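As written, the chains take the letters A, B and C, and residue 1 is the first residue of each chain.
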Amino acid sequence: MPMIAACELERRFGATRALDRLSFSVERGELFGLLGADGAGKTTAIRALAGLIDLDAGRAEIDGRDPAAGGAAVRESLGLVPQQASLYPDLSVAENLRFFARLFCLPRQVFHERSARLLGIMRLGPFAKRRADALSGGMYKKLALACALLHRPEVLLLDEPTVGVDPVSRRELWALLHELVHEGMTVLLSTPYMDEAERCHRVALVHQGRLLLAGEPQALLADFAGTAGQQPSAPTFETLFLARLEQADGDPKVAKA
Amino acid sequence: MSDLAIEAHGLCRDFGAFRAVERVSFTVAAGEIFGYLGANGAGKSTTIRMLCGLLAPTAGTAHVAGFDVGREPEAVKSSIGYMSQKFSLYLDLPVRDNLDFFGGAYGLFGRSLASRMAEAVAECGLSGLADRITGTLSGGVRQRLALACAILHRPRVLFLDEPTACVDPLARRLFWRVIRKLAGEGTTIFVTTHYLDEAEHCGRIGLMAAGRLIALDTPAALKRTYVPGRVLLARGRQLALAASALRGQAGITAIEPFGAGLHLQVDAAQWDEARLTRALLDAGAREVSVEAGEPSLEDVFLAALGRAEQAA
Amino acid sequence: MSARPWRFLRRVAAMSAKEVVHIRRDPRTLYIALAMPVIMLILLGFGFSFDVDHIPLCIADGDHSAAARELGRAIFGSQDFAAVDGDSVAAAETALRRGQAMAALVIPAGFERNLAPGRQSPVELLVDGSDGNLARHILGKVEAIVRTVSLRRAGGALSPPLSVKVYTLWNPAGRSPLFMVPGLVAFLLAIAAVLLTALTVAGEWERGSMEQLFASPIGRLEIVLGKLLPYLALGMVQLLLVITMGSTVFDVPIRGSLPLIFLAGLFFLSGMLGQGLFISVVARNQLVATQAGALSSLVPALILSGMLVPIENMPRILQAITIVVPARYLVHALRTLMLKGGGFSVIALDLGAMLAFTVAILALATLRFKRRLA
């Protein structure tokens, strides 16, 4: 059974179709990338997986359970790093961490160990007393990630974690995500940067709430290179995406992962 | 008139005791597409604001479109176009009114405004949208509208601050088509971006960190300078463990997990595909395949940063 | 390891602890909670004046003469006063104490007989002094009417044979702060409580931190209670502050029991905090929440609570509306407790009404508070 499953997700906001029968799944221990431009439905999909929005149709599952109806139990094994600021700006780094630890009822000793370790990994230790609104974009996102990791979730959902982050922090973030996955966590992240596709084990390309394609990045690129014929340079995910978009505009077929 | 659209000599800007920009010097020729990369807080925005005449330099000089930014800021402002990240379009007005407003703001009226509007609309691919309410347009189209508003007065230098953030790849491609056309016609483009792959569009790139310009060259030259080794991509099974065995070995500059594989920067003299394949298999990996790769601008950026930190 | 109820409490505590830090860090909150009441009390403690009509007044006619009846007609002939039953002094005093009448005109036996030139025929006017403005107003009006009647009766003689003795009950000196303070307490507590809580949930929505909370195990009730508790404590401090200032600086008496006063304050505060929370849950952004909060606390507390205008004087429809305005009950309870004295039974209805409001609004807020972003 996949760790994360999106089955025919549908959701409208007014006249806009945010999710259009979107389906994909993520196995345990996978690093999965949800690729797409702004407005493609990535954030909506992640929110549906976290049980934060109602679906018009379809089913989201985390480890076989419905995140919306599953109650506190499902949420204990879920970690979410939303796209926008979700921490408390007037609280310090340490205070934010402590609040989330208490939300998950972590014993004090456990909290101290884990937060020390996380602060070390994220190199936030010297900033423990700094207010969250005084952190740079990269540090802020790292703190948000730390808060989501405190309770050792089995599934981690990250919405555009690399946007607005400086290259050094970005690389550290990827290294950390790989490590987490190596230790058994299932990680799903969304990104508008097509060149990050190859950093994932598997990806799904989303446009206007629909799935354009999904699979292993290398395999997808190889397929594309094979079919594309004349390519001026090596195929990239960006050109792959554009080609697929132009195809899809004439033929709205829904692909399944 | 000088052939140089932008000249900066030792530009400095202080905010109290904090030095945001330190002795930045560079030149940009007319018709060039110049990219400016750097993390947030590195001083990119401050530099742009000085070049646009919005902020006076604490020290140093700069000339944009032939005018001194310190002493003739108003002349600078009327010769340049500026498109900010949060482009200040009026979402509740139709496209036509936005163009009207910005044209008027730059002193265009009557017939000259009308003809320029028509030209800008055609150039930026906005035909047929004149009466649409701006807020109903997609991000990519709004981007092009903001660009159109910025070029109405035919600026010689166009400053674009993160112009394609939050825009889908198709729209981005169209946008860059317009930019290249403008550059071809002689407009100098100064663009900052976070999309490192987009920086490849630029003729030359400047890298900024902690207020200093740490590198400046064409993308290809930067790659040669800062990633002089060979880039190898390894795929296979159980690579992570094998990677830790390789880390620290002579000639291995960097190993980075990449999806299910590895990205490595190696000394070309000591390592090649064959040697790496053998080493990985010996370290316990299975089904290994190694091929050559291209360094990315991100590799360049990180290497340049590392070098700058060492030098400091 | 931890049992469910224990976890519940811990999460409530976590939420409250975080709110306390927010409150300490935000000068706005502290200003609204502590500085504003003090400033406003000083500013407002010096009188409003409103004209009112249909003031309930009863005439204890001990004379039963034509002159007495004429006086009665003159008084009730205009719109100024409305007749209230009570034809003995005892009945009149009861009516006053119960709040059924704001004034009582006691016409002693021998009134008509004494209405002869050169003689004095005093009547007594008892006035509810807990509302000083009203008291003065009543005094002025009654004196004028009595003078007119006496001049007519005495056939134009210069020295009026009618004199009015005024007893202002419960506020003999007619000092404004005495009657203002109970009303002000309701007003200030209402505004502060509603505004503060209106801002807190709306703030989380706007900032985006609500998303993170929802993704965690914390439940709606835990969030609601956790957010309320620190503001409740703050509100009680406010109450203490205002009452202390009232009694020390303005010499407002505290004739009733202090614990009852605080109990009334507690119930009222809970209701107001619940109201703010409800607004905040529905509003989702701080601007709307502030406006809705300010309006929904200001108007009822100022105009519908009986603070400035007696409820009996309001048009029927407004009187009906005041039934669901907690401020009305607090003003009545505080006036009774502080100025008139009185025990639990007198304010039982007020306490019950405020409690009912609190429960209802908190239930509404929790129900409305969906665990969904959209």
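Assume contacts are C-beta pairs under 8 Å (C-beta built on N, C-alpha and C of every residue); 3 or more make two chains touch, one makes a residue touch a chain.
On a predicted model such as this, the values are computed, not experimentally measured, just so you know.
K.L.:
Leave out chain A only, then trace which of the remaining chains are still linked through touching and list those groups.
P.N.:
Leaving out chain A in thought, the network of contacts falls apart into B | C.
K.L.:
Compute per-chain Cα centres, compare each with the mean of all protein Cα atoms, and return the closest chain.
P.N.:
A
K.L.:
Using mean C-alpha positions as chain centres, tell me how far chain A is from chain B in Å, no decimals.
P.N.:
26
K.L.:
Averaging over Cα atoms per chain, report the distance between chain A and chain C in Å.
P.N.:
54
K.L.:
Determine the centre-to-centre distance between chain B and chain C, using the mean Cα coordinates as centres, and give it in whole Å.
P.N.:
That gives a centre separation of 64 Å.
K.L.:
Within their complex, state which residues of chain B touch chain A.
P.N.:
Touching chain A from chain B are residues 39-42, 138-139, 166-171, 173, 194-197, 235, 240, 256-261, 294, 296, 298, 301-302, 305.
K.L.:
Touching residues of chain A toward chain C in the complex: what are they?
P.N.:
So the residues of chain A touching chain C come out as 13, 47, 50-54, 68, 72, 75-76, 78-80, 82, 84-91, 95, 99-100, 102-105, 144, 147.
K.L.:
Mind pulling up the chain C residues that touch chain A in the complex?
P.N.:
Those in contact with chain A are residues 2, 7, 10-11, 13-14, 17-18, 21-22, 25-26, 207-209, 211-219, 371-374.
K.L.:
In the complex, go through chain A and note every residue touching chain B.
P.N.:
31, 36-40, 136-138, 163-164, 166-168, 170-171, 174-175, 178, 182, 192-195, 198-201, 207, 216-218, 234, 236, 238, 241-242, 245
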